[in-house]
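The following pair of complexes shares a single chain, chain A, combined with chain B in the former and chain C in the latter.
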Partner chain A sequence: MNGSFNIKRIITYAALSLAALTFIYPFIWMIGASLAPLHEVGNMKFWPAHPTINNFQLMIGKIPIGRSLFNSLLVALLTTSLVLLTGSTVGYALAKLQFRGRQLIFYIIVFTMSLPFQITLIPNYITMVNLRLVDTYMALVVPFAVSAFAILMFRQAFQGLPQALIDAARLDGCSELGLIFRILWPNIKPTIITVAILTFIGSWNEVLWPLIVIRNEQLMTMPQLVTLFAVGGRADSQLGVKIAAAVLLALPVMIAFLFFQKHFIQSMASTGLKD
Partner chain B sequence: MSTALAMNKKKAGKLSKAKLLPYLMVSPYLLFVLVFVVFPVLFCLFLTFHKWNIIAPMQFAGMDNYSRLFQDRLFWKAIGNTLKFLLLHIPLQLIVSLLLAWLLNQKIRAVSFFRASFFMPVIVSGVVVTILWQQLLGYDTGLINKLLMSIGLNKVGWLVDPDMAIYSIAVMATWKNVGLYVILFLVGLQTVPPQYYEASELDGASRWQQFYHITLPMINPTIFMVVILSTIGGFSLFIEPYIMTGGGPLNTTLSAVLYIYKQAFQYYNMGYSATLGFFYAIMIMTVVVLQKKFIEKEV
Partner chain C sequence: MAEVILQNISKIYSDVDKHMGRHKAVDDISFTVYDKEFMVLVGPSGCGKSTLLRMIAGLEEISEGNLLIDGKRMNEMTPRQRDIAMVFQNYALYPHMTVYDNMAFGLKLQNFSKADIKSRVMETAQLLEIEDELYKKPKTLSGGQRQRVAIGRAIIRRPKVFLFDEPLSNLDAKLRSQMRIELQRLHREINATMIYVTHDQTEAMTLGHRIAVLNKGKLMQLDTPMNLYEHPNNKFVAGFIGSPSMNFLKGRIINETGLYFENESKQCRFSLGKDLEASLGSYVNTEVILGIRPENIFLKDDGSLSDCSLEVLAFENMGNEQLIYLSIGSQTIIVRRPQTHEIEIGDKVALSFSRKNMLFMVDSTGQVIDTTVLSNAGSGKL
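So, the complex of A and B:
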């Protein structure tokens, strides 16, 4: 090919590489800084000259970070299971069963999706107080146990399946729930993976709601605990400790992303493609 | 006679069971909507006419909360800050994500590597990104200022300058989210049939003309989506100022959600906070509907 073509390609690669560096370098710096001794933290260098795990040891001594990791995992797993369960049963009913009010429920779902959370935030907190759920795992799981988005995703997936599959299973005496989870689920794996990833990440990264309903340090989720640690002054004198907390918060998701990159990107991209 | 009746009954029982099943299946959702959507919206409206600190009994306050809202300079400042944030965030997000998607669409190698690196901040918690950028943007020890000084420039008060701080946060939020929109635009760009470009090339169209007359109209739905999603996301701005600046300097990074949160959980003004939330939610829905109308007209 001609010269100008090559120059264009070089510029394209250079621009993309520069962009990639802008996105990756801060993370690498962060991991380096978390391993740096106090006097080296402010350096721009890629890697500390004298790496140490001192920052992590200090942090573990100050906050129950291990417990918060457990809390976050438990809450995210429970939320994801419930969203998959409720999403597929409601989605199935809307897609494959005939009943009065079906269209109305569909409109309600679409409407609730466009309702900003700011309007329900304070009343939902008061509901938690009245149900005596403040400072329980339930407060972190129940308000997220049903997802309008998941219902619509499952509805769409079930609509794409042939009626013959359902009729055959019913003839064999399969119950409706057995039909959904044993016969239909294996046919909609991409939807299940998408809903599971988005729900899990959403639950894992949620921080405003835990800040409102959890005050007991032993029940805090990881992002909440790290947030309060970062703003609360307990880490103030030691930058490295704060960064170490951020690294621990980032690592599980980053590792999961490296392994299931394709699924992550496809799932996230589908959030916008639903209509 | 009696057997026929029994059979009829049996049939009716079976029928109603089959009829009931769908309602049984959607009932968890209906219960959920009742408890976590319908009741809160009505209760929120109810709270807007009351004064309540959660401990003492509720007091009827008439329109007090509303008149307070319209005179509350800090609330309007918070709205203004949020709008300033959006003013930079939305165009920046559109331009950067479209540019990166366009570069990725040039039949290059290692697309998945670039895509993954742009995507990394999207999946990581906003808490991580904020703590990280706090170090990058620090005045004395921040990496960006160190970099500026090493090439002989002056330090910039990214987070301490009142005229600057909200825009620094807008750039950070763009850095966090742009990877998602790159993917959306890449999908959009790939839906443009290559024949369109080939045909217009034969007609002697320039690259810019191609972009303006072919690409842009084809990816219009994606642009619309990016604008709406960034708007809703921007109106929810909370954790970034909460961690980074606490709303300062001089309340210039106080976002509306942060102010609502403070009214409820620092000052325990539940009624007033609910009023702010109610008003703010209606404002958001209005803006989104207007955007929808405006963009649909443009198509």
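So, the complex of A and C:
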């Protein structure tokens, strides 16, 4: 019995290790290749014989990658904060306040989730042009500041909290905003973390929208800049330089993943969604 | 000083999310809760008592009528401006805060100094005997301790009025009777106006200076516990207050050389005596309900003339008393005896009803026919 159990275990672990290797191989190769001199990139070896940071130096000289990292972080953090703010206030109203048309508003919000981004792309762009927001940070943040998904998540979380908790805080003299952030927020931490992680990653990975509204290189986000660099011909077809840019693009998310691994997996599992 | 006055208060629900159309959850209720009074609102579930309390608290909008606290109209005031505190059935403690922070939260919002908050928390914790739990989270506390913290959170702000929404119904029976006594002690010590909602008539009887009995959104009667017990206004109050509840016998008053009561199944028929004749004379041949409490029916073992003779359906020996269930027509009546006697199911027993403790109600309305005043006046003349 013990023996068969062990064999089953060995097979399971072997299969999982193989799968893990399959996934991690491109990453490791990517890092290796980014450090390889031009003539070694094609070798498909894990580690170059003569590692060099030449690729990174070349890339930094050609594009403002540092600035784009800052832009990406700024945009992702701003978007995430705004989504948490708007999501929880709207979610609270839909979950706990009584007003006419509450259900209808909720259904309309949920309905917007079914609209593909590509459909609203052009109207959104026209709005940005009319508001004179093209080529500003606002163009990257404002359209994503309210998220139907976040509203839905917060509404569900608030609905699960007892009404008496809200009543008690009101009697203690708490304002409605104080109630949301001081009483309710600490009790729905998993939801906040889930929404924050998914919003941050969604914002970080966005390429199409920045390509449309940002033309000033100084305002470009990292994925946008790297994409333009890689496919736009400015890398002079040098594979190593392109890969170096890709490494820098992947690195922040990978580091974040190492820190928040537990929450990442919970978020994906709890929503069944993956961007 | 805090006097709470309710003037013609109603709660009307239109069909916002309710699918039940317009209905009145609270219907035109007026009464005054005096300063330092312990007022209990009691009634079956769905009678509107909690809604009424939430309207006083400011958690529900008042559809019609006025609410005055200390003479000031409060309808549009927020809960904070009304200066009231409330204790909830499920405690509603903030789960992420320690007991200390739970109690301190309201004071922090009022910008009390740290030292003041600390001294008040300590004082309150001492009063409620929860000093050892101050730095624990609510989920590690027992039900009784949680309720103490909830009460602590309410009294620490020293509000004008305390509201209690079924605070003991989540506790087990033993703890409940213990907390009842503590609440009485607390009321004596902090000497504040309290309004207490419960569906449990025992709690109402033991805690209230006065009790307001509600049914279907209407105020049925408001009086002291003993007056409610002895002089209910209507059939609902008569049946609701007291345990086991009052026996009701349908029947009619007939006139055959003096007034008689005869029940529906004609198993009971007895003379009402001189005192009752004066006040019941105008009800001859109308349908009435006779109400009589279980302790006011006596078993006659001596074979003398009885009011009726009924079959024993069941009995319960409680040690200090005996409850006997008797069948009359399609109804059951209960008799309570102070001591346990030998009895068998199926026995026929002779009963006599205490005349001075009988209530008569008009069958159609449930209104109690006033027999006390007239019979007192009558006996005065004799």
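Here, the second predicted complex is superposed on the first by the 256 of 275 C-alpha atoms of A that agree within 3 Å, B and C clash if a C-alpha of one lies under 4 Å from a C-alpha of the other, contacts with A are read in each partner's own complex, and residues count from 1 in each chain.
As a working rule, a residue touches a chain if its C-beta (ideal position, glycine included) is under 8 Å from a C-beta of that chain, and two chains touch if they have at least 3 such contacts.
Keep in mind it's a predicted model, so treat the numbers as computed, not measured.
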Which superposed partner A:178 touches (first chain B, second chain C, both, neither): second
Chain B versus chain C as contact partner of A:168, first or second or both or neither: second
First, second, both or neither for A:186, with chain B first and chain C second: second
Comparing the two partners chain B and chain C, which touches a greater set of residues in chain A: B
Which superposed partner A:134 touches (first chain B, second chain C, both, neither): neither
Partner chain(s) touched by A:204 [first = chain B, second = chain C, both, neither]: first
Which of chain B and chain C A:261 touches, first, second, both or neither: first
Touched partner set for A:102, first chain B, second chain C, both or neither: both
Chain B versus chain C as contact partner of A:74, first or second or both or neither: neither
Doubly contacted residues of chain A, that is, touched by chain B and again by chain C: 98-99, 102
Residue numbers on chain C that touch chain A, as the complex places them: 16-17, 54, 57-59, 78-80, 84-86, 88-96, 105-106, 109-110, 153, 157
Residues of chain A that touch chain C when the two form their complex: 98-100, 102-103, 162, 164-165, 167-174, 178, 183, 186-187
Chain A residues within the chain B interface of the complex: 9, 12-13, 15-16, 19-20, 22-24, 26-27, 29-30, 33, 42, 44, 86, 89-90, 92-94, 97-99, 102, 105, 108-109, 112, 114-127, 129, 143, 145-146, 151, 176, 201, 204-205, 207-208, 211-212, 223, 226-227, 230-231, 239, 242-243, 245-246, 249-250, 253-254, 257, 261-262, 264-265, 268-269, 271-273
For the chain B and chain A complex, residues of the former touching the latter: 19, 21-23, 25-26, 28-30, 32-33, 35-37, 39-41, 43-44, 47, 54, 100, 103-104, 106, 108, 112-128, 131-133, 135-136, 141, 143, 146-147, 175, 179-180, 183-184, 187, 222, 225-226, 229, 232, 235-236, 238-239, 242-243, 246, 256-257, 260-261, 264-265, 270, 273-274, 277-278, 280-281, 284-285, 288
